[in-house]
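Across the two complexes that follow, subunit A remains constant while its partner is subunit B and subsequently subunit C.
Now for the complex of A and B:
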């Protein structure tokens, strides 16, 4: 089981802007095993989507972005192969699904053409074979009457079905790794539950690694085995799901979990608030990036950036992680 | 004004909103029954939570209640007066007493108008006070929603999402309304900001004795903030009850499924989920009989024939499902 599908080591993604470079991701290290589902959570602007886009090398490297570090897919470092070679990797080895299925599907192509495209480019199937495979894929992702649906256009499908089509396209070449970037955010809860079940099911059947990117902690708690929490371009905590949700060590993780209203909790007490807002990328605080919003921070926290260190089965980036486990009432 | 303390301050009686669908040549070819015969009552100082999936008609009902839309059928009563078919002019005195906060704080503010002017504009429309009094009021309200006075001269793009939602709230509250309709006010916000806004809403309600209609698709937020909850599905109110009751004893199959679809933050929880199959039908062509029977696992033959009425299961707990009412 210790076979890693993907190892990201010290990944840095820096955007070139008119006002100088902006580091959207600063030293992200991640591993995904075969058959494992890793959750990547954080609030908007924390760099979770940039991480996935960088793994796929989807940014324009000539004009907008500079990478550092390495992304190992098996024995290949994706960061050092020629850019053109990435086209063989995308869709075949690593596939991706996005939040908004309507804008990721081509509105003027039939569903069949869009599923057949990767099959023809990567697996060199004949059109008839690819078409048959497309119907089969639609059946696999649970679309009723796939024989008729396959000839329809994206606008004729509902939101949930579009997301199923996206999954069918992503999985038709049996990739080793699936990156799902907020796959259920635009969907209603009942449809969200269906799509999550489907991803979980296919992950077990095909034994691929999955990175599930979301802002919804509860989604991660339900389907992932491991979870990494990001804040301002860095991973601040990583652990097994049960471990992280039962004993969050980083003050940011704790704050996030306390600020969610619970379905079975006491609704008469005030919700916990993390003070302040996420700083802009060009105003990253010195030292620990969470220090200005942290209820436990002291002068030493702002002096030096804490490293991601092993603590009680977690990887955590906080010099006080040991102390903050005990629930101290933070000052507002 | 209200002699009867138990009388609702805002209510809808069998309200319906049918939007005509026009085919070629402008002919009406059908209707989208966005809201179809819904009755709700808002009592003073309470929060009524309206929950449902997209397209269920919860926002349309909200707009009907504050008469941004004119109902096709039924009656809207505000402070004891029938306002269902009043003209725009006649509605003006009511507008200052019922205000609205919208979901998207990015599009609900005019990008070219300074925050202070946006706030004072509201007062100018309702002819309240001199210009200096208006400015004083605007500065005061900024303070109350947790913004600073220097924000008065800024433009919307200079604010974060959470701050913009505070501005939206300030603009709704500046006229001292009694009722505020909040349409998904926290859905576009990150969780840490969401909790700040929810707490602010609760504080303001206590300070100003506000009545809220809180529309959301998020069951946990609804549970946290509401006193009474209505669940909508395809233009119909399928269940209504006090918050504790509906979350501990959900009766309608749809409510049960909605609750069981909400992911829990406790890992390994919810292994015995009830699965809801398929997508909601189109409101253009809703199913006959009970609107939910096409997706309902308990549906019997008669569910597809007769549209169920709300019946009282327990004190104040209404449910539109004959099977649930029979005790199953």
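Now for the complex of A and C:
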């Protein structure tokens, strides 16, 4: 049975700026099932992080942001509950880990304090119990000699350990959903693999949904079941991992795939680039947002925004999706 | 932590050495012959030469320095050349307490005024409260302490007759009530500029901390907003604030000269001004050295407090 932990429907996040509102996210719809890992990929500035911050309602709603749409956590629409209620959701139902563990851990508080905090806030544990649980969590995330580490400060730990601590903090209340925002980007490759394994492992053990935000397609291929590709604040394609990697339908996804350097490729060939650059948020093109950079686009593409539609097991936002699937050519 | 304190203490030695050399040289390189000054205009050259000999003024500068520094270490800062028979240490000792009490009191007022207001300004950024506090702090920074002092004397002492305009009461012998009655006006006028400055710094550093990643992380954990400000943000912004408190204390000592004079408080500031009037070089030298040492000590204290507030400093 498909039990959805999170259903985001037509989420719009609009920032209030001096020069008027800017839509950083425009109608994002996505679902995460229990125990599923969903990869959310795209270039810098495509709205991956804004999506996750919006799901947690972490922006200042008085001064900086306006939301539309709904975010269903089970039967609760997070967008319609009072802002204060979000404090009970964050850390308990949805937890989040960030890219830079060094700057995301408070430098003047001990590791123990930082893990105990959500336990005391949400589960009302006594300090001694929370402390014991903190040690246990450190052991769970694979930190050696957790009894001594727990009393240390973040700067006394290595980069990989700090990331593990952050995961321990996020998971100590056993949330239904974990949002991992580029959790491995700041780490070197071996540590990266360890951290991914850990997330995958805990995802299976605790049976929670995970949204893994990354720009690294290799990471997604390793651990996710489904992938959503974002471009300029919209989801342009979504499919099962194998399906998306083998038959990318959207020209943007194809471009991303082609940009991955291949070991068996000819080193004299230049790496593939998607031509042009990501437009600024205040210069979003009319019609299909990718049209100005798309090799297949024609006048009709720029005229109207294509809807996200079902096509061969994918959800794809492209009028020409059928024609542009290079990998499924007529002679195949 | 103990190791850290010892290290900081050891680092003081060169500082103290340099300070003492500078203080020594300032007095000795000042034009004018102290012996001639002490003996007055109708002294004979022979008298002057004899006094030179007695004071050791003909010795090489280094010998004079070593002799002076050695005496300083034993607490002997020499004798006043203007008031016969008065030791400099004794004069400083009798003027020390009012200055220190004034500085501490003014800093307490500063901290209790500036920290909460700075935090409010940061939490309510862009609001009317924030703008009002901004104007208030700009005014505070722009007003020199003597203007502030005179204004307050006019208002509270002359018009409302709430507090005495001048004078000093020792809290240990005269009681704490009179002390506050006499010292509040001077302390406020001394501390106000600094309160304005500290408020701005508190606001700025708190705003910076509040936009950091670990605050975002704390919010993502579901920590209550009040706890975020007091537990997560305040301790980090405290690092900046501690520095500002230290500076405030030092500038309160230096600024005391004006305020003590204005309010007739018999502190080191008043003593300094009197001694300058009388060209009493020994006393000037002694007070300068004393204030320099206080600076050094305050900086040491700040370093130690830093160590307590920030674990990253302690362990290096």
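The definition used in the following text is that the second predicted complex is superposed on the first by the 321 of 332 C-alpha atoms of A that agree within 3 Å, B and C clash if a C-alpha of one lies under 4 Å from a C-alpha of the other, contacts with A are read in each partner's own complex, and residues count from 1 in each chain.
One rule holds in what follows: a contact is a pair of C-beta atoms (placed from the backbone, for glycine too) under 8 Å apart; a residue touches a chain by one contact, two chains touch by 3 or more.
The shown structure was predicted, so the numbers you read here are calculated from the model rather than taken from an experiment.
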Of subunit B and subunit C, the partner touching more residues of subunit A is B
Q. Between subunit B (first) and subunit C (second), which does A:248 come into contact with in this model arrangement: first, second, both, or neither?
A. neither
Practice item. Give one of first, second, both or neither to describe whether A:122 is in contact with subunit B, with subunit C, with both, or with none. Key: second
Is A:189 touching the first partner subunit B, the second partner subunit C, both, or neither of them?
first
Touching A:259, do we find subunit B (first), subunit C (second), both, or neither? first
Original post:
Is A:96 contacted by the first partner subunit B, the second partner subunit C, both or neither?
Top reply: second
For A:47 in the superposed arrangement: first (subunit B), second (subunit C), both or neither?
neither
Subunit B and subunit C footprints on subunit A meet at residues none
In their shared complex, subunit C is touched by residues of subunit A numbered 56, 58, 63, 86-92, 95-96, 98, 100, 103-109, 117-118, 121-122, 153, 155-156, 166, 169-170
Given the complex, residues on subunit C that touch subunit A span 126, 212-214, 216-225, 231-232, 235-236, 309-312, 315
Within their complex, subunit B touches subunit A through residues 53-54, 160, 162-163, 190-196, 198-199, 202, 217, 219-221, 223-225, 243, 247, 257-259, 261-270, 273, 275-280
Residue positions on subunit A within touch of subunit B in the complex are 43-44, 144, 158-161, 188-194, 196-197, 215-219, 221-222, 241-242, 245-246, 255-257, 259-264, 267, 270-274, 277-278
